[in-house]
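What follows is a set of structures for review.
Each of the next two complexes has chain A plus one more chain, namely chain B in the first and chain C in the second.
The block that comes next holds the complex of A and B.
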């Protein structure tokens, strides 16, 4: 027996003993007209609340609702003290007899998890508790009303009686009744608003208790109100009706609980059957939504390689974090591997067993849909990266064209002019011609230098001739910062991979030199688990923006065109680390 | 047979080949043959036994590094023929690869350099005479490389200049002429450089180049 079970059994025993003691008190009373009926009704109500309360407590230990339900039962027993013939006990009974009603309102406000939503709700309930004790005081201090005397033949005197004063008593009664009705009205307003704000599945859960509770509140508030205006008959009728509805509340709750369990257990087995018979596309969501009774349910799939969630279309989606007020995430696993998750209403968290069995049943079907989603995500990624590659290559062409036009071409045009000039002066002014030719020579050297740099930028010859190592050494030698080639592969990699690795390092080093304020960069290229891993780290200021410029984006596309992945880690103040992994 | 330095030229561009040929002949060289690809070059070097083979790095059929490979073969098969490699690019990897075994009778120049006739013919004569020639841009790259605790920082500006010229393959006399100082002054600089860099001093020019290059290459 667990600690919880032991505690619950103890409370059950206490409930039985308290019920028996109260019954004894009622039966032995001199002033109770029909003790048998009173005992039967009292025990029925008390034990219903305590019993269903303990059951709910046992089912959902995390919720305090069961405890509140049981508390209603226990406090209801306090009314039995009014059966005592001893004036002091009788007076205590009168003072505490209404507490159960506030506990009940507390329970309704705290439904279904047993916690009050807002601090002011707690203040409201506290006021209710105070009022429930203060309410009978006017009668106890200044004498009972006629109606009370009529209904309580042979009751002992109040232990608190000062003197009989009808005026004071009536004023006091009116005041407490008005405050009482006001508190009940506010509680009702809160409950109605909660109902209106509730989602479908939440409403289904709230309905039985909320509605019967609200009816009970209305009836008892009505009783209070009619009492204040002195309509004794109506008060009695409403009070009796209220008591009947009140007695039904635990049963309504219990029926609701059992019915939803039965219905959902049926839905789960139906789900299992359906999932077994047809490989579904798109309908999986509907089936799970049916099984869980949550129309708003969504499925998300986990992509291992990109470590992100996507929907069935393959679009990356955000999932609710733990503690989200309305939505919760239940992971779906297959053979210990995460395949996806069900995003659902938080109310379903009340039923971990149901969620667990649905999640387990959905595993295989989810895996199928996950593969499709993965494929769609991949297609989507390819489409966008293809578009970017096209864009990048035309951008690159424009850049080359501009460089050629502004650089070498201009110089060659100038050169042609100079040569023409020199030609004209060869005979007339040989010295001037000589000067012009020397200038032409200089210009030509510059044009050649520019062409050489341009060609190297397009594709360094040494890369294809001598491989990555030599190309990276050349790159490191030209870098304006110190570059440590910490690790390089000993053998050659396939050409496209070498080229991608080279340009990753080249772009990274360019960025380091431009933005990082670094003294040193470390380059590592290694082969690990069938991947070429390229890493460029610097000791600069960090805080690099991965979306900065088209350079990194273009590189990421180049890498992803080879099924690789690129990541940038650049915490502010702690250097930048660019990492690309390309399958070999 | 005249005293003129005999040259075989290999380049896949006819225009450049002809240009080079004319330039060399005007400068007093004898062009013994021209080749359009590596195979042709090896054949002509075998037939003419020239003093120098001027070889372009990129040649048919793959247009990658045929010229370099041919250069290695010439050095292995015809050690009496000097090799001067012309490259479109400043690739220190090629240059160092070529000069790593021996700097004797070996040169690596940027192709643009041929326009500067004096520098070019000087380089051809130098390698023909048993020395070496390394393009100033390659040397500048090697010297400019960033190093942790750079020992080159200990050198004075003038010593760095001298080191650069040594790496290019120039003799003390040539260095003195280039810097307009006495040979004696150059010798002093050289001794100082060798002691600062912890190198063993040597008189032979090509061994000296080798030591300097090995040093520049190793210390990154």
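The block that comes next holds the complex of A and C.
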């Protein structure tokens, strides 16, 4: 027996003993007209509340609702003290007889998790507790009303009686009744607003307790109101009706609880059957929504390769974080591997068994939809990267044209003019011609340098002639920082992969030199599990932004065009590591 | 050895003007090896990019013996484009084509 079970058994035992003691008090009373009926009704109500309360407590130990339900039962017993023939006990009974009703209102406001939503709700309930004790005080201080005396033949005197004063008592009664009606009205307003704001599944959960509770409150407010205006018979009728509704509340709650369990167990077995039928996009969501009774339910799928969530169309989506007020996430796994998740209303978290069964039943069907979503995401990615590659290629052509035009071409034009000038002066001014030719030589050297640089950027000749190793060695030799070529493949890789690997390293080293404030970079190119793995790591400041500039974006496209993928790991202060994996 | 006739012609004029004796020319790697074997030159001026075997391989095959010629690699590219390949090839040195002159060759010999 667990600690909780022991505690609950103890409370149940206490409930039985307290009920028996209260019954004994009622039966032995001199002034109770029909003690048998009183005991029967009292025990029915008390034990209903305590029993269902303990059941709810046991089912959902995290919720305090069960405890409140049981507390209503226990406080209801306090009314039995009014059966005592001892004036002091009788007076205490009168003072505490209405507390159960505030516990009941407290329970309604705190439904379903047993906690009051706002601090002012707690203040309202506290005022209710105070009023429940102060309410009978005018009668105890200044004498009972005729109606009370009529209903309580042979009751002992109030232990607090000062003197019989009808005026003071009636004023006191009216004031406490009006305040009571006001508090009940505010509680009702809160409950109605909560109902209006509730989502579908929340309403289904709230309905049984909230509605019977609200009816009970309306009846009681009516009783209090009529009491304040002094129509005794109506008060009696409304009070009796209220008692009947009140007695039904734990049963309504219990029926709701059991029915939802039965209905949902049926829904899960139906789900299992229907999942076996022909699968189709979109219907899985509907089937799970039916099984869980949550029309707002959404499915998201996990893409391992991109480590992100997507919807069934393959679009990347955000999922609710733990602690989100309205939406929660239940993971769906297949053979221990995460395939997706159900995004649902938080009320369903109260049914962990149900969620677990549905998630388990959905695994295979989710995996099928996940594969489709993955395909759609892939197509979408290809579409955008293809567009970017076309754009990048056109951008590159414009850049080449501009560089050629602004650089080498301008120098060659100037050179042509200088040479013509020098030619004209060879005989007349040989010294001047000499100078011009020397200038032409310098200009030509610059033009050649620019052309070389441009050609290298388009495609390094040494890469196609001598392979990746030679090209990377040359690249490392030209780099402005120390580059350690820690690992290079001994065999040649296919030409497009070598080119992609070369440009990944080249761009990475350019970025290291520009932004990383690094002393050293390490380059590794290896073949692992059918992939060419390119890694460039530096000892710089880290914090690189993968979206910075078009260079990395273009490289990622180039790599993904070869079915590979690129990742950047750059924690602030701990260097940057760029990694590309390309299938060979 | 160069596959561009215009560069071969210019280099011949330039080197002969500076006192070198140009004994032969070749337009690709294979004929470079044959001609070098036949003519036994003291110095071979070798372009890196040839249509068949590239200059580094030709250099490796031409050098290594006591009677091997001195091989000087030339290219329109910069030596930094080739990294450590130049030193590994067995060639004596590298001269960018635009800077070719008798003096540059003398420095390396």
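Simple rule for what comes next: the second predicted complex is superposed on the first by the 557 of 584 C-alpha atoms of A that agree within 3 Å, B and C clash if a C-alpha of one lies under 4 Å from a C-alpha of the other, contacts with A are read in each partner's own complex, and residues count from 1 in each chain.
To be clear about the criterion, a contact is a pair of C-beta atoms (placed from the backbone, for glycine too) under 8 Å apart; a residue touches a chain by one contact, two chains touch by 3 or more.
Keep in mind that this is a model prediction, so the values were computed, not measured.
Participant: Check chain A with both chain B and chain C modelled on it and let me know: fit or clash.
Facilitator: clash
Participant: Name the contact category of A:61: first (chain B only), second (chain C only), both, or neither.
Facilitator: Neither partner.
Participant: Would you sort A:464 into first (chain B), second (chain C), both or neither based on which partner it touches?
Facilitator: Only chain B is touched by A:464; chain C is not.
Participant: If you stack the two complexes on chain A, which partner ends up touching A:482: first (chain B), second (chain C), both, or neither?
Facilitator: Touch partner of A:482: chain B, not chain C.
Participant: Which partner, chain B or chain C, is in contact with more residues of chain A?
Facilitator: B
Participant: Could you say whether A:444 touches chain B, chain C, both of them, or neither, answering first, second, both or neither?
Facilitator: A:444 contacts both chain B and chain C.
Participant: Contacts for A:430 in the overlay, against chain B (first) and chain C (second): which applies, first, second, both or neither?
Facilitator: neither
Participant: Looking at the overlay, does A:10 come into contact with chain B only (first), chain C only (second), both, or neither?
Facilitator: The answer is neither, since A:10 touches no partner chain.
Participant: Any idea which of 26-34, 188-196 or 206-214 of chain B is the one running into chain C?
Facilitator: Among 26-34, 188-196 or 206-214, the clash with chain C belongs to 26-34.
Participant: Starting from the residues of chain A touching chain B, keep only those that also touch chain C in the other complex, and list them.
Facilitator: Residues common to the chain A contacts of chain C and of chain B are 444-445, 448-449, 452, 455-456, 460-462, 465-466, 470, 473-474, 476-478, listed in rising order.
Participant: Given the complex with chain B, which residues does chain A contribute to the contact?
Facilitator: On the chain A side, the touching residues are 441, 444-445, 448-449, 452, 455-456, 460-462, 464-466, 470-471, 473-474, 476-484, 520.
Participant: Could you please specify the touching residues of chain A with respect to chain C in the complex?
Facilitator: 444-445, 448-449, 452, 455-456, 460-462, 465-466, 470, 473-478
Participant: Provide the residue numbers of chain C that touch chain A in the complex, in ascending order.
Facilitator: 49, 54, 56, 76-78, 80-85, 96, 98
Participant: Give every residue of chain B touching chain A within the complex, in rising order.
Facilitator: Contact set of chain B toward chain A: 58, 64-65, 88-94, 97, 112, 115-116, 141-142, 144-148, 220.
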